[in-house]
Structure formats: C-alpha cells, structure tokens
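Got a structure for you, written out below as structure tokens; questions coming shortly.
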Amino acid sequence: MAVDRNYFQTKTSGDKKNQHKGETGPTMVGDEYSDSALMNYLGARKTTMLGNNFSEYHVDEPPRVILDKLEQAGYRVVSMTGVGQTLVWCLHKDTL
Amino acid sequence: MAVDRNYFQTKTSGDKKNQHKGETGPTMVGDEYSDSALMNYLGARKTTMLGNNFSEYHVDEPPRVILDKLEQAGYRVVSMTGVGQTLVWCLHKDTL
Amino acid sequence: MAVDRNYFQTKTSGDKKNQHKGETGPTMVGDEYSDSALMNYLGARKTTMLGNNFSEYHVDEPPRVILDKLEQAGYRVVSMTGVGQTLVWCLHKDTL
Amino acid sequence: MAVDRNYFQTKTSGDKKNQHKGETGPTMVGDEYSDSALMNYLGARKTTMLGNNFSEYHVDEPPRVILDKLEQAGYRVVSMTGVGQTLVWCLHKDTL
Amino acid sequence: MAVDRNYFQTKTSGDKKNQHKGETGPTMVGDEYSDSALMNYLGARKTTMLGNNFSEYHVDEPPRVILDKLEQAGYRVVSMTGVGQTLVWCLHKDTL
C-alpha cells in the first residue's frame, strides 16, 4: 500500500549544560523512511550515529529556518512539544 | 451506549540512554478497547507485557509512518506532547 | 454571575515504574466544581483521596474512551500536554 | 505604541507531594502588566510573594472555572502545556 | 533560495529556585538568523552569552507582551510548550 507522506517530524536537542545550543542547530529532519527528494531540498546529510543501527538526516540550520523551508514545500506546524531536552515539531501537508 | 471511536492515541517511547531509539519504532497504537479492524489495517500485533494485566497493540514502524496511514483512515493530529521519555499523539476523525 | 461550563479537563496518571498503567484508566474527569449531570453521563464516581480536603470524579475507562463520550456531549480536544507523569487534555464546547 | 492585550496567560502549580493540589486552585491570572479591569472581572487579588520584586494576580478558583470566565470575556485557549509541575494555558482574543 | 520568515520562536526561562522569574522577562526573541527589522520593532538587544559562539536577541518584557506585539506584526501562536524550565512559543505569519 502506497501512503502519502503528509506528516513530517523535525527536532532539535539541547543539553542540560547549554540549553541554548539546540536552537542554532543542527536540526534532525528525517530517518530512513523519509522522502529523499525532500531531504535533498532541505540540504540534509544522512548520518549514522555510532552504535545506532539506523540512519538520520540532519541540517546545520536552526529549526525555525527549516520550518520556513518546509512551509514552502507545503507543510505547516500542527503541534510542538518538548520531551526531555528535545524540542519536537509535528508538521502536516494537505493533499487535496 | 454505542460510542463512535473518533479519538485515537499513539505513542512511542525513547529511553534516557538512547533518545533516538523511539523514533524508529516500535509505536504503540492501541489497547484492548481499540477497534480491531483499525488495528488490522495498521498491521499491529497484540502483546501483553510481562507483569501487565492488559494488552497493547504495537507496530514496528515509526510514528510518522503511522500518522500517514491513520490520515488515510480519516484521522488527523490534534495535539502532540511529551510525557517523561514518551512522545504521544492525539488524533481525531470527523464523522459528519 | 452564571458562567457556562465550556471548558473540560481530564487527565490520567502513570507512575515511573509502570508508564503504561495510566492508559488503561482510571481517568480523572472532574472536581467539586464539575457539572454533576455530565459526571453522571460519564458514569463517574466521586471520591475524596485520603489527606485531601476536596473531591474528584473518576471513571475506570481509559482517556480515549472518555474523549469519545465527551465528543458526543459536544466537547472537542483543544490541547493535550504532559506534566510530570500525568497526561492532561483540555476540551472545549461551543455554545452558539 | 499602544498594543492591544490579545494574549492571556494563566497557570496553576502542583507540587511533587500532592499532584492534585493545583487543580483546585489557586490560579495565577496576571502580573503587573495585566489589564486591571480584566483582573477585577476575574475577582483576582494582587500579591507580592516574599523575596520577589514583582506582583502577581491570583484567584482561588481552579483553572477550568477561570477559562470559562475568560471565554465570556472573548478569550479562547490556543495551547496548554506543562513545565515542571506547572500547567500553563495560552489564550487569545480576536479583535476584529 | 530566498525563504520568507513565516515562523517565529520566542521563549523565556525560569529556574528551579524561582519558577515565577521567567514570566517577568527577559524574553528571548531571536538569533543571528532573525530579521533585524523585526528585532528592531520589538526593541530587542543583541547579546552573546559568555562561552557561546552565537548571538541572541532579548527583550526585558514578559512573553505575553511580546506575543501582543508580534500579533500586530502578523504573527499568531501555533503552539506553546515547556522543555525543562523553559517555556517556548511557536508563531506563524500568513503570507497570502
């Protein structure tokens, strides 16, 4: 079954020592299930962190800049939340 | 009284050691009150964790993929939040 | 001054040992300011916890089931959040 | 520059020992920048906590009752979140 | 590629000792990617914290006052969340 990719999730992580760090990026914008054309549009690089058996896409820009780019691709923020020291955005694209 | 199942809740849990783990799944998509046809549509398996006296449904895919499938079934994200190391989505389906 | 009861708050509490427990209920659906007809509709029981000088209403069902019942009574979820180990929903009813 | 006061913030704080306490009030509804007519409408009292060099407005009622009153004054909840043991609501009023 | 700046993020930080402090400001309203005209409109000052290799913009007013000003500039709150002791707002401006 083909499923449109209408939901998008992005996040940035601070750390307890430097709560401000996360806001300047990097921003995590995808994983191995992500649309590679969209990852390319965002200029994201694919990385596999040591000890992980899965890949992620990151960009160096802060989340707000990524949200602006994603809006041009049709996505809008539905909700934002914090979990631990990480700030997460859930975006959605309407496909009429 | 019969009540339509218009609200849907899904969640994924990371852990402190590996904050990224939860995003690759598994994703918890239901419990014993859930609509079994919908659980079937999502390809969820029913499990009972050791020491629990209730069942849950899980899928191996990450939450974003599940959100896309749920949208095809008529659900849209209302809100997302973090509680502890767990990320929770609340979805709603309009029944006109 | 009479004020319509257009906002509704419900919550469920997990605990650190068993993060899943809260999702099977019980769900807290009201306090002594709540509309008793609505509490009755939800099948809630009034309880006073030891050491508290105020009452609360609880139901045994998980939050999602309560959200469905509340929707039939005209309420819709505005926002959901986590505070500590507790998941809280804020609902609203339009009165035209 | 005169700025309309279209955003409103209210909050209530529990504590770790008694997570339920905050829900019965008191509720913090304003600070020294707040509209005193609105504070008066809510029946709020101005207080300065020991050791603080700023004032706050509180009411004894729980947040849900305050949200209902605020709706009559034109405000609606935009978002709710938890930060520490505190539950915070962000409300907005349309001025056409 | 030129990207409109339609998303705006602002935040305020309390601390564990004095949870109320953050609400009186200062409020963080931007970073080096921010629109300097908008920063100027808000009366923000640019600062670089000791040990950081990036700049931020702050204002002395509490978040609610800033949200009101931002609304006059076309922004509306999409979501608010807490992460650690910090309260974060995500705003969006429609560009027709």
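Order of writing sets the labels: A, B, C, D and E. Residues in every chain begin at 1.
Note that in this section a contact is a pair of C-beta atoms (placed from the backbone, for glycine too) under 8 Å apart; a residue touches a chain by one contact, two chains touch by 3 or more.
For clarity, every value in this text was computed on a predicted model and none was experimentally measured.
Fitting chain C to chain E on Cα positions gives a rotation angle of 145°, stated in steps of 5. In this structure chain D contacts its sequence twin chain E using mostly different residue numbers, the overlap staying below half. Remark: chain B and chain C have CA centroids separated by 20 Å (rounded to whole angstrom). Centroids of chain A and chain D (each the mean of its C-alpha atoms) stand 33 Å apart.
Of all residues in chain D, those touching 2 or more other chains are 78-83, 86, listed in ascending order.
The touching residues of chain B, counted against chain C in their complex, run 3-9, 13, 31-33, 49, 51-52, 54, 56, 78-84, 86, 88, 90, 92. Taken together, the chain B residues at the contact with chain A in this complex read 14, 16, 18-20, 23-24, 61-65, 67-69, 71-72, 76-83, 85-87, 89.
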